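Heads up, the next two complexes both have chain A, just with different partners, chain B and then chain C.
Right, the complex of A and B next:
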């Protein structure tokens, strides 16, 4: 596989308050778990909290797909899904 | 003590909505809609048994955020009416914690429990070993009588099938001083004669039923009245938002605080006084002195070891020296301590110079409600400045290290560190005060890791410590 899965975690104030740093703190672990097929980066506010609601935070993008109420489990599930698809 | 879980997120969501209504001048009638807005009909948001229960808990949580005690709720007045009443009186509630009876799951008090794995064996070591004769066989299976059980755990250790499990009541298990009892309905009750306000129960409750009575609405109303409101930030704040310290200060100014003072300013004074006290004791003979800046620890000594009060340093906390200086410069300024601590709220009630206390969580909430993005801000300077060792008070060992720097050469300063108050460390504290240790100073922090891991911190202490270090 040549194209890496790109994860952008919103680090805006609302997302930070709702726990986005818990995903970033595990950045290296996730990246090495998937043998560098995944790149995780933080981003300034993506503006999604104004579009939707604070309750849906934290937000993140996986290959441009929006994930609401993101947590580690959701992120890892999604990575597995994408990897399974590309292997087909 | 730091945790991110659903109960915490629901609380923050509610606080953001309330801060949004207050800060952005929305009609207070919106407050009455919150329970339904947070759990609309047919929503999949309902985690508790039903939508209606969820709404009832939201209502009582909203009242706690306005500083109303659950016991004082007549259930007839609306959230808006309570809010107006509280904002008008402006009085800070004397008790700091409240249990939302609606939210409390009345966790079963029989902590040892026989599971389906029990095979009703012939040996029956559980029955044989139970010193309270609390176990009987019913329909071929062991059953523990909760009224007789003394929670010794012998049955659990004896069962060859590992069929007995330990199910604690989380708030009671977290409380280091046994301050939580249950009423006749099994609802948790906090005994404030014993409670040291460490906040561990609030973090531990999986139902989010233990709430701090917030002063956030009062502070917001003072800011909106254009009063001079001074933020006093505890040093642990440097690690809370994953941005440079100076940007956090700009963020607070943008929220409407007229200036931001570092509590580390007061920590410098605390460090000097505590050192002087130690040197004096050391010259008189063997020093037995413990730190005094952790208010939960001071509560612990005052409520549980009153005869040992003399061994706690008489030096005031950094908050008090800081608020004193602010009031000296401008007696009309209103001072707001901002920290990760529950016990500070009670300490502030006894400090005439500190008017309000907010938590890091509430500052995060206010910034979110105002949509202030810290990352995009310039840096600003605080009005009262601390130094590196003083900022390091926020991390375990920090106080002892700061004192060590002040101690003249030739003195044998030998500190003992208590990193978190629990049953085990309480024995150590007592033994130290009884003179049984070779060490001659004891730093005590009720939270494991220090203030950066306090009950109201919003960032993982690992990240918090790294950012704090950058500010030193």
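Right, the complex of A and C next:
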């Protein structure tokens, strides 16, 4: 596969409080688990907490798709889904 | 303390306690007298060490600074201080030294010194001898004679004034290397060396260097409290802090102009603000994940901007650091808040450009932490920077 999966984690106030750093702390594990098919980066603020409710935070983008109430399980499931699709 | 755009008085001090003591027997205080356009700094060294010395020196410094601020006669003030201090039960004297430095916004400087080591004025990398006067006093009620050293001179751009307690020049006394201590002459040589090698060194770092040297002289177990105060006269270092999105979207471009044209350093505090400026300036923001911290969100980098951080949490944490008693140089953690604090302390004039738009999500009751209102946090930061760190601050709301 030549195209890497891009994950952008929101580092804004709301998302940080709601636990977005969980994904950033595990950045290296996630990236190595998927043998560098995944790139995780941060964004100062995705601005989603103004569009939706703060309770839906933390937000992140996986290949430009918005994930609400993101946590480690959700992210890993989503990566598996995308990988399964590309393999088909 | 601003005289005009090219002349700034920076005051900083560093202390090290006597080995094994939990409080310092030396007291340093400084004050801005805004209505009189003066700055006053006082260093007092109490007899002995520990709590007793701390009490005596605190009393002395407080009295001295209040008398000076109110332009009370110096000699009367000195005698009142000596008369007021409690008498030591062992040595049967009441005693604390003091040095009072009074500088006005035009650079006129008056120094009154009682029993502290002589101050050092460094001009063009060399010690500059100032005309000193001596006053011999006598307190008949205590049957005590005393000598006040008084100096009056004009400060120039680039001058450094160094005041220290005897813990500095007597450091290492009794050791094989320095049987008579470091000595005022050696301290002077060291100051000249520092001033020549690092002419732009911040007052805080300068004082830190001297205190560390004195500490090393006594094998890191100082036998007396060490205090050094450095007053720097130089061009002001400017810092613009942009935080919060403006209420009116049309003002976004104004924020862009500020960053583009600012003569000094710039900092951006706030995720949304960073996004706005990234769009206005067409520069990318990159989050630096290596600065991950449990309390403070990651800081970022942007070309041409010295620091980009998250907003409310970082500023709240920075305020906590500024208000705490802990010496900022001792804080080892590296995160957005400590970086911001260091940037504040390495600047003289700090201008806050505050967008007042409120992020509704921050006020959502579902949030696990209560977030303050940006305006109030900025006001508190500006207040502590003015009062405790003698910075010049301006707040502009957008």
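Keep this in mind: the second predicted complex is superposed on the first by the 88 of 88 C-alpha atoms of A that agree within 3 Å, B and C clash if a C-alpha of one lies under 4 Å from a C-alpha of the other, contacts with A are read in each partner's own complex, and residues count from 1 in each chain.
Please note the rule applied: a residue touches a chain if its C-beta (ideal position, glycine included) is under 8 Å from a C-beta of that chain, and two chains touch if they have at least 3 such contacts.
All figures in this text were calculated on a predicted structure; none of them were measured in a lab.
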item	value
Fit-or-clash call for chain B and chain C when the two complexes are aligned on chain A	clash
Chain B versus chain C as contact partner of A:33, first or second or both or neither	neither
Partner chain(s) touched by A:44 [first = chain B, second = chain C, both, neither]	both
First (chain B), second (chain C), both or neither touched by A:12	both
Touched partner set for A:63, first chain B, second chain C, both or neither	neither
Touching partner for A:25 - first (chain B), second (chain C), both, neither	both
Superposition-derived comparison: chain B or chain C, residues of chain A touched	C
Which of chain B and chain C A:86 touches, first, second, both or neither	neither
Offending stretch of chain B which, after superposing on A, collides with chain C (from 8-16, 44-52, 206-214 or 422-430)	8-16
Doubly contacted chain A residues - partners chain C and chain B	11-14, 16-18, 21, 25, 44-45, 49-50, 54-55
Chain A contact footprint on chain B (complex, rising order)	4, 9, 12-13, 16-17, 38, 45, 241-242, 361, 364-365, 367-368, 371-376, 458-460, 462-463
Interface residues, chain A side, partner chain C - complex	10-14, 16-18, 21, 24-25, 27, 40-45, 47, 49-50, 53-55, 57
Interfacial residue positions of chain C with respect to chain A in the complex	270-272, 274-275, 278, 285-287, 289, 292, 294, 297-298, 300, 308, 310-313, 359-362, 364, 366-369, 371
Complex interface listing, chain A residues touching chain B	11-14, 16-19, 21-22, 25, 44-45, 49-50, 54-55
